[in-house]
Amino acid sequence: MISAMLLRALDRRAVWLVCALLLVALAIPFANLVLPEGHPLHLPNYLVPLLGKYMSYAMLALALDLVWGYCGILSLGHGAFFALGGYAMGMYLMRQIGTRGVYGNPILPDFMVFLNYKTLPWFWYGFDNFWFACLMVVLVPGVLAFVFGFLAFRSRVTGVYLSIITQALTYALMLAFFRNDFGFGGNNGLTDYKDILGFNVLSATTRGALFAATCIALAVAVLVCSAIVNSKLGKVMVAIRDAESRTRFLGYRVDNVKLFAFVVSAVIAGVAGALYVPQVGIINPSEFEPGNSIEIVIWTAVGGRGTLVGPIVGGLLLNFGKTVFTSLWPDYWLFALGGLFVLVTLFLPKGIVGTIRDLLARKAPPRRDNTQPEATGAEDAPLVTEPAE
Amino acid sequence: MTGVDRIAAGLVLGAIVSVGALAPAVAADDTIKVGVLHSLSGTMAISETTLKDTMLFLIDEQNKKGGLLGKKLEPVVVDPASDWPTFAEKARELISQDHVAAVFGCWTSSSRKSVLPVFKELNSILFYPVQYEGEESEKNVIYTGAAPNQQAIPAVDYLMSEDGGSVKRWVLEATDYVYPRTTNKILEQYLLDHGVAKEDIRINYTPFGFSDWQTEVAAIKEFGSAGKKTAVVSTINGDANVPFYKELANQGIKAEDIPVVAFSVGEEELSGMDTTNLVGHLAAWNYFESVDTPENKAFIDGWHKFIGNDKRTTNDPMEAAYIGFNLWVKAVEKAGTTDTDAVLKAIVGLSVPNLTGGTATLLPNHHLTKPVLIGEVQADGQFDVVWQTKDVVPGDAWSDVLPEDKGIEADWTDPIKGCGHYDTAKQACTTAP
Amino acid sequence: MATRLLRLIGVLLACLVLAATPALAQSQANAAMVDALGQGGFPQREAAIATLVATGDARVVPILQALSDGNLYTRISDGKVVIAAKAGSAFALKGPLDGSELGTAAAGDLDKIKINNGLRGKIRTAIGQMTLLSTDRATRLSAAQSILKTADPTTFELLQTALAAETDPQIKSVMELAEAVIVLKTDATLEQKRAAIQTVAGHGDRDALTVLTAALTTVPDALKPDVQAGIDAINRQLQLWSVAQNLAYGVSLGSVLLLAAIGLAITFGVMGVINMAHGEMVMLGAYVTFVVQQLLQSYAPGAMEWSLVIAVPAAFLFTGLVGIAIERGIIRWLYGRPLETLLATWGLSLILQQAVRSIFGPTNRPVLIPQWMTGQVSLGGLDITWNRLWILVFAILVFAALQLVLNRTPLGLQMRAVTQNRRMASAMGIRTPFVDAMTFGLGSGVAGLAGVALTQIDNVSPNLGQGYIIDSFMVVVFGGVGNLWGTLIGALSIGVANKFMEPYFGAVLGKIIILVLIILFIQRRPRGLFALKGRAVEP
Amino acid sequence: MSEASDRFKTMLYLNGVSVSFDGFKALNNLSIIVHPNEMLAIIGPNGAGKTTMMDIITGKTRPDDGEVFFDGNIDLTRLDEAAIANLGVGRKFQKPTVFESHTVWDNLQLALKTPRGVFSTLAYVAANDDVARIDAILDTIRLSGRKGELAAGLSHGQKQWLEIGMLLAQDPKLLLVDEPVAGMTDAETVETAKLLKDIARTRSVVVVEHDMSFVRELGVRVSCLAEGSVLAEGTLDQVSANPVVIERYLGR
């Protein structure tokens, strides 16, 4: 059974993607560490964590695509799961600082000394252990997604209502984490990390390793997603996306399927967040901002939802564009970015990958195994004209 | 074999490779690059954009004077978009990719905390032009804004004095982030030390961008009706100030009855408000536009000409940027190079003129000596200085008010004490360098 | 230092006593006395004010007023004190005593006479004393109030003279309170003091509470129970009022939320466009107000007081037109794909924000607050600020007007027809593109109206809209998409709930609790407060 | 209407069912019985409550009042759509509703009676039996030649048939079929009638239809619904001779 699933996961598309990712996982650290400076393909140090950041964003977009592109659940709060995973990792990294903080307190992180904490709050216990932190990276977003999804899907909160309450979720979390009394460093968040598993987070080798880890994690996420969407469950998900109550009348427990997808997606987002933090060097409450979550949706849409490669392309491309434009046209980049969103929605409704596929499919004769989902979906149903169920 | 997927995979690779292509923008030899790291979009753009313009103005002026070390200065402006991780990313980009000689930037404490590791790692210099919470001294940062003892403490002293109204009851009204938290911690301790009873201090925190102040202003009024002279010490940040002051004016809280002294409200913030009903409320700064000195007049005139608008105000962080830039220019001239270590070595002890008179000297703890001025809001949106320190006040990185910071010093020139947190009692640095 | 100050106060008090009896209206203020205002520091200025007040000369009042308003200057050339008013880039000068025109002077030739809060308070008292017998009711009222603020024992006789002559009940009540407060400060007999305590306690408002709390430490022990009883009585009363006050705050917050959300209730609720640029429409409305005021200031300064009235139609038209342009240019290609409207309008909101930032600059722009919107009105123990009251009225008007448009006009009928069944409406000859554009324009225009109102309580900055977009969506979704009444009830209940929670949990925690409650509420009623029920249609 | 003991012999048992939306009574004391292996045709004007009745049987709408039993003793008012479907109640919708972005084959595979749990679907591998069964259904609904195509590309009639095929794949005990021949050609209509009669040999079927000739073709017991309750019952001839039915539904 397991082998059948694995086999299914390795369909042609996924194989290509995984190979490309593994190649990148090797190539980037190689270009950075092995090739001497001055070599035309040498990659400067500062680019490695930057690329690592793009990779974790791509993973986040992939996570969103699993629920949105395949299951029709538009979450406007996926940044919350990402940030929670990030905070779990950040807490581990904070505990690793030990006495090297400004105040030299062996247990309490600097900001706690600052705010007159006398003892470590209970929810910080255990985070000095890497594996415990890793468990939390998966568990915290997963459990939150489970509880939230359980309530929401059971009550059949759908469409735009669901989108808005996911937004409320991340907004509420943002407000909570901004509070200094909450015990997570308030507005400043967690930063000034020293090392991870005993390796200096700032060293080039650690960064190369972190980058490779991110690529591998992304490849694994691609495999997981591929295994899901190519299974019968994946077909049920698409069925739910396109005609939710029809699926119900076939005897599928739509709430459970959605919950499964939502939890898996939240966990992938959490892992992406955990990989993001050591490379970027800071985690703070603005990651919970609703605007960030909307951006994730946009990466996915621009890349092409309902495909595995689309969100990855979108996440990489848009963030790369952001980096370039904020330096190239610091005063006007928002025009470019905003204009891009408008144009893509108007002219490339299926996103970059979807459009390219369409173009190629038009040239090539239709194939028998064409399982490409259309970019139409439940969300395309008119919103208000339909009386409530 | 699907062509689509190969193309898609190629896209992934291509995107990554093209980032690399962006990298080696080789610095031209005849210019010195200066990084400007201020948010031009997002929530902080409202404050930081002016500082970006100020830097462009100062660099422009310097180039007119013939540049530095015979080379032209070239500003490299980036937009960190009010996002703290992006600040770190952009700082890295400025230093590693653009090879800037120094970076002028940041506004919020969070953005500074976010870029700190980058500056330490890549050994570059950050000039930080905003008043802040103190409790920090770093080798790679020059703090040209006020430390708490150069703003908060003198303001409270003034209000406790007869001139200031002999205030006995205090509301510490703040936005919930690290600068107000620390300032309030210091102030609370200071007030308690000066015989203010615990029940005469009210501390309240609100979130960023808070806009519905009805309840809180009413609570201030109620707190102020205990029969003792009451004042509000406000560390409310940025956007939340306008609705706060509008509510104050509407609920009829007059400066004569309950004065509000603010540490984050300057000319620029006032220019967005109708100040007729706010006359007499106070602000503590190291600079006011209304101060009448030849240096200030020249600065304001030059600024108006540069920005092409003679209504644009100047403010304290602009002066801090001005001082920071001049210090850097002087240090580079003295060192004869823009090399970080040489500049850091040269810069301590240098003095440049303040715009309000007197000179700013950079102390070994990387803070400045500054005069402290208390101003009252006028109907035209300017401040009238009603009190000022006789001498410049040296910036104190570690507050002497807090018991845990007593005896902590920072001195980046001393070979032994060469750290940011030197415990004079233990005679040792208590942090890893 | 201290002795000098004491002496000074002594002189001041003596002067005030002299001034107190108008029968003694004696000497004339002279130029030297006025010029003394411009010399030395704050202590000297205080003395100079005292000298002027001591003359009892009525001409001193406008001088003090000018000093308090910051219009009194010293002419550097001859050290003369003048009243200056800005006239273009220069100042028009007037003689302080005789009001004679003294020509103009450049800003550099004048030195402003500075005062601080302490002096401002003293001037207020002095003006109060000198105008307590004025014939103008408003002047007398404010004079009585400033006397009450300081409650200086030396004003006692003056106050009694004024009380005897006073007929206006409101002023009389203020004066009586002031009299009682002064009695408490002097060494009057216990009986007198007890009566005074009764008078103060009888007033029952916060000012009275302040007086009594202060008196608690100063009165003789024998009177302390009386004072305490008075304090308790007032506190009980205030507690009742505070419920009403919280309700008023909540309704006010609700009205702001309603205004912010109601445009969205149309573009999102009725049309189904997830309009992320809604906040920017609000922001544009606020900037229209700013521009209208700038234009008025240049071309019709007299109409400034009515700038908001002019800004209302201007903002509606402008944002409405922008809305129509957006609908024609972008939204119309996206009907039936509501979630994609989210992406396009998000992009649009970035563009609009940056456009405004480029045109008007990133900083806050000042919007003047007209006189009729400043200050507050007291209803018993309730304090309601005028601007909040007007915003509430405005919100109700907008809501009512919108109901009228949607339910009573042909356009409204067509709008509902199109949104309920586009194809059918089109088949019946309704020009659906026109109706779509008008509907979106209406929603955007209403958002612009919200912007006009928000200038009175919030920043006018490119970020203005961002602060309201999430709350607006919450309100619409909580109330039930597609139902204006739901939006009304939703806004008000969120506002009131918020304000009742704030005192207990603080602003942040209160808001988090509200959000969690909304999330839980949506679980209970997945279609909001006012869900449309109906036969299930095909999946 | 019936004794409780009778109930146990029925496949579907509705007794006194009422439901109203915002004051509008969609169903008013509706009582209907379907026996095992029986086909019942339901006719009635628009708004008579036909679709609402199906919603109640399939668990989409809860009745305000009355009892609904399946297979004699299973109370459907306590179950949700998925549970009811898994008990063996299949439903075909008025508008053909197939999964357009899936192939014909996948549509049938999704409907096929296999474990519905999340993890069993995740691990599902098509067994030989399953493949054979789908092939058989494809033959029945004459879509064998198009099994690899997306359902979106099918004609209206083909979609109707695909949906019937999906019903078959579900292997239900009771089929609810809403206007199965709307938009079909005459030839297709005849074929559909044949197919349904075939199905009704082993299962219970409830057909809602406007097309009188089709109902005649079926030749089964007919119930006429109006304003939420049963107006008349019997053979089509009996029902269409009923004066009330003529007045309220058939017209003239």
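When the chains are written out, they are named A, B, C and D in that same order, and each has its own residue count from 1.
The definition used in the following text is that a residue touches a chain if its C-beta (ideal position, glycine included) is under 8 Å from a C-beta of that chain, and two chains touch if they have at least 3 such contacts.
In this text, all values refer to a predicted model and were calculated from it rather than measured experimentally.
K.L.:
If I rank A-D and B-C by number of C-beta contact pairs, which comes first?
P.N.:
B-C
K.L.:
Taking each chain's centre as the mean of its C-alpha atoms, give the chain farthest from chain C.
P.N.:
Relative to chain C, the chain with the farthest C-alpha centre is D.
K.L.:
Per the centroid of Cα atoms for each chain, what is the distance between chain A and chain D, given in Å?
P.N.:
43
K.L.:
Based only on mean CA positions, could you tell me how far chain B sits from chain C in angstrom?
P.N.:
30
K.L.:
With chain centres taken as the means of their Cα atoms, state the distance from chain B to chain D in Å.
P.N.:
The answer is 72 Å.
K.L.:
Between chain A and chain B, tell me the centre distance in angstrom, where each centre is the average of that chain's C-alpha atoms.
P.N.:
Chain A and chain B have C-alpha centres separated by 34 Å.
K.L.:
Touching two or more other chains, which residues of chain C qualify?
P.N.:
353-354, 466, 508, 511, 533-536, 539
K.L.:
For chain A, write out the residues touching at least two other chains, lowest number first.
P.N.:
Residues 175, 178-179, 243, 245-246, 248-249, 331, 334, 389 of chain A each touch two or more of the other chains.
K.L.:
Quick check: what residues of chain B touch more than one other chain, meaning two or more?
P.N.:
Correct list: 40-41, 176, 205, 207.
K.L.:
Along chain C, where are the residues that touch chain B in the complex?
P.N.:
5, 42, 69-70, 112, 114, 116-118, 120-121, 124, 149, 206-207, 209-211, 213-217, 245-246, 249, 252-253, 256, 353-354, 357, 361-369, 374-376, 383, 385-388, 456-463, 466-467, 498-499, 502-503, 506-508, 511
K.L.:
How about chain B: which of its residues touch chain C in the complex?
P.N.:
40-43, 45-46, 49-50, 162-165, 176, 204-207, 209-212, 214-216, 218-219, 221-222, 224-228, 239, 242-243, 246-247, 249-252, 255-257, 259, 268-269, 271-274, 277, 279-280, 282, 376, 378-381, 384-387
K.L.:
For the complex, give me every residue of chain A touching chain B.
P.N.:
Listed in rising order, the residues of chain A that touch chain B are 12-13, 16-17, 19-21, 23-24, 28, 31, 41, 43-47, 49-51, 53-54, 99-104, 111, 113-116, 175, 178-180, 186-189, 191-193, 202, 280-282, 284, 286-287, 309-310, 312-313, 316-317, 320, 323-324, 326-327, 330-331, 333-334, 352-353, 356-357, 360, 364.
K.L.:
Tell me, which parts of chain C touch chain A in their complex?
P.N.:
Residues 269-272, 274, 276, 330, 333-334, 336-344, 346-351, 353-355, 358, 419-422, 466, 470, 473-474, 477, 481-482, 508-509, 511-512, 515-516, 518-520, 522-524, 526-528, 531-537, 539.
K.L.:
Provide the residue numbers of chain A that touch chain C in the complex, in ascending order.
P.N.:
Going by the criterion above, the answer is residues 74, 148, 151-152, 154-158, 160-161, 163-165, 167-169, 171-172, 175-176, 178-179, 243-246, 248-249, 290-291, 294, 297-298, 301, 331-332, 334-335, 337-342, 344-346, 349, 379-380, 382-389.
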